[in-house]
Structures are given as structure tokens and as C-alpha cells.
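The structure's right below; bear with me while I get my questions together.
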């Protein structure tokens, strides 16, 4: 417990690596260092595979900084022990080198942004807790949006792989619908939760989930498949589909509604989760279009919005009557 | 009361048509099937007159789906009996065929979106109820925004009559200011509440309002006239004025502030409602400009924002002291 | 106390000028007529120096209208006596003639918008008060955004000095880094709080702050210097830096976190305020980019967001444990 009002409070060194790994696991709601370890393996594999090893090191810096911030701020450490200080930071660490040029200024901004997520989460949860929901990854999303946008005007951390700002317009393209390709899109939908474009990473993530919760792994699998089905039926942009960019938010919504925040297991809650996943796909496409003139990635914003819209009324719908 | 936790609960067939019609009436805050019936007549007349009969059928599907959703979710049915499950759905049903191409995917999305509004409303009202305001038509607005934006990237439900995304720029044009023309703009300002561009429909809506509440009809009439006066004085875009596109949000604000949520009837509350209508016109123009790069319609968003800004402080202003 | 339910309640004429001046002082959180007077002198000097005397008169009209609105609405007048009805209005009055053409319609809109801020503030504070934060200048920001955007479609109050809507793109330019130039940028960062581009005005504002609170003046000075350092290191747009446009929001954040809402004075709270100022610079750059396609000024929005993000969690971080 945070009963020590001084910053000199020792960071518990023995537990620290465990707390950091749990932070990585908590991105998909799993309070398990083994899950976090598998996730990290997937991140390193995928990042180096793509030739962007820097993304994996960004992830490491991000989760360490945001976890340390929790200790420095002397926040109640039951949250910290569960990895809840780290999951926003690890995503900051993945996003910054993915979208901005490598420079010392980018790294300083990464550290500031990762640290910020820890207290922004405290503040947002204080608000949202009143309605029985959490801020999820929104501290990461909100803080990172500001920095990615800022990069457009800051030569010191110039945008490198952000989309070019442009009005939204249809870009169909050709999508290979062979079974092997579909499996790859499906796995990439899962790996993109950490902004990684690799089907091997997708397998690592599924295994990591299953280590902690079969149910979570199952819903991640279902959600990626369902989102793939929907975006193919509605004929979305082929290039984005092939990279799993319509999957990652839906995967998080699926785990949230199907496993983590599912109180009872009956066919109604299954339909509820399936509807939430479907809604998230449309929210994803809608936010992609809305952010096109900014050249800004939606990050996991569609997951946050989709899940809030389905959790906020849940107390009225599945409550015992 | 929703004391039956099973989805097999029978939808009360006898009351169902009444509940659906009340849902249509509740778009303008009237809990009356006769008002709803007049509104439906106006919608069908206007839709077929414009050669878009499909909009009227969309409205019917929307209100039926969102009302059924209330029963399926077993929400407390005092809300349902008053038509409060249906008013967002009917607007979804008007908006989808107005802005997107007719396809099976558009219709499935319409059904999903109409159903969503029922539980999004439950969730948003849970939040907003703490400050004594309701979510009004915002569940429709928010959900529909995501789908209309998504259409830009989904060939299966391609945008058809949405504006082309473009930077906002002045488009004056010539506006006929003859008395007959002004009356037509004024009536269209009312008909556009349901996205219908027809002065006959405007008359149907006024008559429908008057059947339930003279005061509501009066304030709808005042609001459309005031918004027309303001947008002409400030020299807004002629084509939009002629189609009533600066009227519909102001009409809803006028009914809300002048009739439904007006607790006392004195010259102060009259000025209050007139100011709210004026503010809504500027919010409408502002949101039109902000959404131009997205090619997105504001829907009734300006009404929601305008009315919230005037209702939130009301408890301090008109409360007994 | 507002124990009189009639609008005929006399506006206290003797106190009125003092209340108006305090309203100007409250823009930077100072409840002092002398501070307000210095601010006004700075505004008039800077406005006439730039050849835009109209901005100063707008400021005067804005603060008078919004203060009168508090009396007319019979709001509890302890707020009014502290100048809390006026600080949003004075900013509306600075912004309107800065960004829109001089016309009778612009002035009427200015009066409506200035009046609105008084009750929008009442409404927003009712919401935000639950989490121990205030709406700050957001009533001004939100209301003015709608009107500035609306100007794009309203020929009667056409935009005059708003940016042309365009996709965000890097505009480096050359920045003179001589000591004299840096001092001027630093002072302009302070003067831009009231949208004034004058280093003399910056001195007036610093002196005005110091009259009421040395600590506030110190933090304004620190914040403008820190924001200047950051935006130079990260290589932001030279023209904007030279006009102090990366300073004004940071200055307000600095005063808020370093002085007004700082409960204890130790090295932790100093670091906290410095971090808040840094975050505000990135939020400023980010919002500049996001608003570029709208040609819209961020106004003091970045200050509001930055300060909220740092105040909301404060109760957990600096609370006695």
C-alpha cells in the first residue's frame, strides 16, 4: 500500500520484472507474467521480422517508464502489482517508433507520453468509475493522438510512417481470399493489437492468452474471424484488411465483452459479445474515415468506444431483475 | 415491468403498433400515437414525393427494430410504452437510405444501428441523468455518424447522397425571398427533422404536434421562423436555407426549451427559448463547417448540443430561490 | 446572494467596474481589480499597436456583457463579485474581432456568445465540479469555436484573419535565436493569452500578475520560457513561435498547476507543474495540426485539456496518505 509519502520509496526490485510483464499482459486484460512474456516474445519477433526492431525496444521502454511512474507517484500499488500501470505505456512504446522518425526528441517524447498515461489513467478512471466502466487503453490513445498530431509540426520528431493527410475515399484493391491468406489476415488482426504486422506474433498472442484464460483466447479468435468476415462482406479496403487493421480493436472488444466483463455465460451474452464485435468494425471504419484528413491512426480508440457503448447499458440488461 | 428474464417474453402484440407510432411521435417529444401517425403520413408523402420512397420504409424498419430491441433486452417497459425505444431508430431508418446506396448490406447495417440506439440510449441516459438531462436523439446521431463515415470505406454500402468531403468554403448563391418561398423554407425547416424535404410534410408535422400539444406546435413554428430569419440576416448558403437545413435542429431545440422542458411560463423562459434557438443556428453552421472535410451530415447533433448547453444550467437559473 | 427572483434586481452600479476588472484578472486566475486594470492596459496598448484597436473594444464589450448576464440570470453573486462571470466573455471579445470581419452581425454574435459563456460555465461547472475541477476557459473555447466555424458559411460575419483551411504540413521557416528575439517571443507567449501579439503587453501582464501574486507571475514567466525551449528543441514552425503561439496555453497551465491549484510547495509539485507545461506544448501542437483542415484556432483549449489531465489525478497523487 502507498503509505509512504516520499519519492525515495524503494521500487520493489524483485517484483519489478513481474509487474512489467503483467503490464504487457494487461493490454489484453490478462493479469499474468507468462502471458506478458509470450506477448513480448511476439512483439520482438514481429518487430525484427518487419525490420523495425526499434518498435520492440520502444515497447520495453514504454512499459518500464509507465510502471516506474506508478511507483514514483506513490499510487496505491495493488493496481501496480496487477500490471495496470504498464499496459498503456507499452502501447505508447509500440506506437511512437511505428509512426515517427527515430531521434532523441522522439524518445524523450515517448518517455513523457508513457509516464503521462499512468496519471491520465488515474484521472479518467476516477471519472468513468462512477458508471462502472474503466478507461481501458484510452489514456494511451488520447495521449498518443496529441503527440502523433504534434509530430506534423515538429521537425525534431517528424512523422515517418503516418498516413498522408487526405480526404477519405474508397480504395478497394484486390484481396486474396484463399484459405491460407485468410488465416494470415486473421492472425494479423490479433498481432495488430500491439501494432505488429506478423502472423507468427498473432500465434504468440493467442498462446499467451490461452496460458491465462482459454476463454479470452477463444474470444480473441472469434473476434478476429468475425471482424474479418464483416469487413470482407461489406467490401472494405483490401490492403488494410490484409494487414489486420480491421481486427485489432474488435479483438479487444471481443475479449472484453466475451470474457473479462461477461458476468454470466448464456446465449444472450454470446450474442451481446458478437454484436459488440460487429459494431466495433463499423466504428473502426468510421474512425478511419474521420481521421483520414489528419493522417492519424485510430489506435485502439474504436475498441474503447465500442466497448463503452456495450458496457454502459449492461447493468440494465443483464442485471438480475 | 420487465420481471421476466427470458427473451421468449412475448412482445405485446396488441400494443405494439401504438408503441411504434409513439416512438415516431417522441422524435419531437410527443407521447401520442396520433402524432406519430401524422408524422408517418408526412414521411411517406414526402419520401415518395421526392422519389425516395425507400426512406419511408427505412423509417418503418428502424422504429420497429429499435422498439423490438427494447422488448428483447427486457428493458423496463414504461419507457417502451411511451415510445422512448423507437425515436432514435426511426431517425436511423430515415438517414441510412438518404445517404447510402440501397443494398442488402446497407439494410443489415441499418438494422444493427437501429437496434444499437436502444441500448446506447440506456447507457448514455445513465450518465447524463446525473445532471438532469437526457441523451435526446444523440444515440441516433452518434451511432449513425460511425456508419455514415464507415460507408466511405465500405463498397458494400457505398455513400450515395452524402456530400463530397471538401474544405468548408462560403457558397452564397441566390435566395428567393418572396413570401411564398419563405413559407416553403419555413415548412421545410420542420420537415427536415425527419430528413424530409417537403413543405407538405412540414404541415403534417405541425398538425401532428398540435394534436398532442399546441405549445409544441407553436414553438416548432417559432423556431423554424427564427432560424430562417437568423440565417438570412447572417447570409448563409442559399441552397441549404431553401431546403430547410438550418431549421430542423432549431425546431427541436425550440420544442425542448419552449415546451417540453419549460417549467414556468413567463417572459424570461420565452427569451431563454428564443436564445437557445438562436444559438442552435450558429452551432448548426459551425458543425456544418467542421464536418465538411468529412462529407458528414451533422444530423440532429446541433440540437443535442444546443439544448444541453441551455438545460444544464437551467436548475440554477429558473430554480426557486 | 441571489435571493431575488426578479430580473429587475438592480445591478450594483458602484461595484460593477470592479467586478468587470476582476473578470479580466480571472483569465489568469487573479481575483484583483488592479491585475485586471493592468491586463486591460496591456490589451489596449497591444491592440492599438497592432492597428487592431477594435480587439480591445471587443474585450470591453465581452466582459461587460457576460458580467451583466450573471446579474440578469440572478446567479449566486459570490461568483460574480470574484469576476468569475466575466473572464470567458473578455476572451470572446478578443477573439471575435481578431478572426472575423467587422460588421454589425459580428457584434451581435459577439454579444450572444459572450452572454452564453456565463451560463455555459454554470452548466459545465455543475458537471465538472463532481471531480474537483473547473471548466476554466472552456465555455469561451467551446462557444467561440462554434461561431468561428459558423463564420465560414455566414457572409454577414465572414472570417477575416482565420487561417485558410488546409491539411497540416510542416512549415519550418527561419527563427532568429538572438537573446533579444528570444525575450520578445517569451513575452509574446504571455501576451497571447488575450490574443495580443505584443511584448509590451506581455510585460503589462507580468506586472499585473505580480500585483496580485508573485507566485503566479513567476509561473507565467517559467511556463512561457519552458514552452519556448521545448518548441525550439523540437523544431516547431518558426512564424508561430515568434508570435508566441506556443506559449499562451502553457502559461495558463503553468499558473494553474504551479500557483493556483498547487496545494503544497515542494520539489514534487514543481516537477508536476513543469511536466504539465511540457505536456501542454505537445497538446498545443497536436491540436494545431488537428484543426488545420478547419482553419480554426485552438484558442485556450490546449490549456484546458492539459490542466484537466494533470488536475484530475492530483487527489490521488498529492493527497495526504
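As written, the chain order gives the labels A, B and C, with residue 1 at the start of each chain.
One rule holds in what follows: a contact is a pair of C-beta atoms (placed from the backbone, for glycine too) under 8 Å apart; a residue touches a chain by one contact, two chains touch by 3 or more.
Values in this document were obtained by computation on a predicted structure and should not be read as measured data.
*Asks:* Chain B and chain A are one sequence twice: same or different residues at the contact, by the over-half rule?
*Replies:* different
*Asks:* Mind checking the rotation angle between the two copies, chain B and chain C? C-alpha superposition, nearest 5 degrees is fine.
*Replies:* 120
*Asks:* With chain centres taken as the means of their Cα atoms, state the distance from chain A to chain B in Å.
*Replies:* 35
*Asks:* Would you give the residues of chain A that are in contact with at least 2 other chains, written as numbers and ranges?
*Replies:* Residues 130, 293 of chain A each touch two or more of the other chains.
*Asks:* Which positions of chain C touch chain B when the two form their complex?
*Replies:* Those in contact with chain B are residues 2-5, 7, 73-76, 105, 109, 112-113, 115-116, 119-124, 126-127, 130, 145-150, 152-158, 165-166, 293-296.
*Asks:* So in the complex, which bits of chain C are touching chain A?
*Replies:* 130-131, 167-172, 231, 233-237, 268, 275, 278-279, 282-290, 293, 308-313, 315-317, 320-321
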